[in-house]
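Naming follows writing order (A, B, C and D), and every chain is counted from residue 1.
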Amino acid sequence: MKHVVQQTVRFGDVDGAGIVYYPRFFNYFHVAFEDFFNRNAGVPYDQILAKERVGFPTVHVETDFGIPLRHGDAIDVEMTVSKIGKSSFTSTYRVLRAGKLCARAEITTATVDLDQMQAIPIPDKYREALERIREDAS
Amino acid sequence: MKHVVQQTVRFGDVDGAGIVYYPRFFNYFHVAFEDFFNRNAGVPYDQILAKERVGFPTVHVETDFGIPLRHGDAIDVEMTVSKIGKSSFTSTYRVLRAGKLCARAEITTATVDLDQMQAIPIPDKYREALERIREDAS
Amino acid sequence: MKHVVQQTVRFGDVDGAGIVYYPRFFNYFHVAFEDFFNRNAGVPYDQILAKERVGFPTVHVETDFGIPLRHGDAIDVEMTVSKIGKSSFTSTYRVLRAGKLCARAEITTATVDLDQMQAIPIPDKYREALERIREDAS
Amino acid sequence: MKHVVQQTVRFGDVDGAGIVYYPRFFNYFHVAFEDFFNRNAGVPYDQILAKERVGFPTVHVETDFGIPLRHGDAIDVEMTVSKIGKSSFTSTYRVLRAGKLCARAEITTATVDLDQMQAIPIPDKYREALERIREDAS
């Protein structure tokens, strides 16, 4: 199973060369990440941070940019999970336009106590949600 | 007296039409605002927020955009203060390129206790700093 | 009639004080502006720029920020048009959370030939679309 | 030799968790990249794009985020080049705060003709500039 979010390339996402300024791809990924929690975690993403004081800092990013995106492009951002460790996990994002892969990222996220800024084990309810979009899950 | 900060229009500031995407002008103004405090307030701007828990939310903005800016433009952002009230003040920003006025903004800023998110009187040391860049100050 | 777009305050929209960094409100307004054209102009907004070479630079902004927005807030951005001139028009944006007005902006937009960067009369099809969300329109 | 740019973490760079929202690190890297060309290429970066119609789209990114950055942090962004191919090169960026490594990125950049959006060999003058900050250069 995978989590999919439809997004649109906005005027402000595009740079002076007329294509998406690459740092803005990470916003697309983060929107998919937030929406995954909103729909699957039983707690809205903002409340996980504000109430539960659990945060998900990014520790490693690996991204391939293939086909440039332009203003107005309708994209699907697909999110799956490739690895789930004790206190971190790795998500994979695929950006597709008209079914064609334009960019792909692997992002490793730690799980921390936001008050102490220290790693904690991934809470069970989030682990279970993540398992449901594991790449090899049927 | 006025406070002046030199900035450069970056690649990512420009939009698909090849000119600065107007919301990014407000970043230029905010950089001038932060630097004003860093240089004049006796306390770095970040510490005013983090330690003193005093914040400066924007409550009103009025901006005229005249000459469009392009990637690579070297600009001066001038900041003065036109009004200082009990718990809010109004700053004026002028963006100049080669001495020519390109944009002008009046931004009214409240002073709040960040923990209560309630208006407080402008602390004296900040009021004194603001007075020094008052438009009619000699 | 008014044009309404539902948006969500994202993690990256919020600043160190835990509320939306005010320059990002202008992104919310611009998304409403783009979507207005996408749905009402007969030509997608990106094509107006890329193919017709008509652009809409912002020339004047007036904004009141009332209630601060937080991460996760679901907002409605309402767009109406208050003035339509020969080659410019003024749109009004209202940001509502749970029906409560949080921010309000008036934004005046010129209409230009993007190749010459010169003002042109608002093309009729866009004028007609704008008339439909005029504030006093029934 | 390496190219170093001093930057400051701005209020708007920080997210709801009080640390730099990771996509904004890529702005820091891009500022270093632009400044490298401005100071070393004999042609300002914006003119390379606008006049020479040569562009540098990012094709691969690999980043490790170690120590989180906070509002007001003064950082050094160091840029070196680890690989120079026929039509692409790989730059390494190190973000240091008080001499301590906080983040590290390897970014591979293609060289394209912006009008055709097709790969071209790295022009000699840029190749020579890049050679000067090659990691193993003395």
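Quick note on the criterion: a contact is a pair of C-beta atoms (placed from the backbone, for glycine too) under 8 Å apart; a residue touches a chain by one contact, two chains touch by 3 or more.
As the structure is a prediction and not an experimental result, all values here were calculated from the model.
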item: Chain labels contacting chain C and also chain D; value: A, B
item: Maximum centroid distance from chain B, chain identifier (CA atoms); value: A
item: Pair joined by the larger number of C-beta contacts - A-C, B-C; value: B-C
item: Same vs different contact residues, chain A with chain B, by half of numbers used; value: same
item: Intercentroid distance (Cα basis), chain C paired with chain B, Å; value: 24
item: Where chain A and chain B are represented by their mean Cα positions, the distance between them in whole Å; value: 34
item: Whole-Å gap separating chain A and chain C, where each centre is the average of the chain's CA atoms; value: 28
item: Per-residue multi-chain contacts in chain B, two or more chains; value: 11-12, 16, 23, 27, 30, 46, 49-50, 71
item: Chain C-touching residues of chain D, taken from the complex the two chains share; value: 11-12, 14-16, 18, 21, 23, 71
item: Residues of chain A touching chain D in the complex; value: 16-17, 19, 22-24, 26-27, 30, 46, 49-50, 55, 57-66, 68, 114, 117
item: Chain D residues touching chain B - in the complex, by the definition given at the top; value: 10-12, 27, 30-31, 34, 44-47, 49-50, 70-72
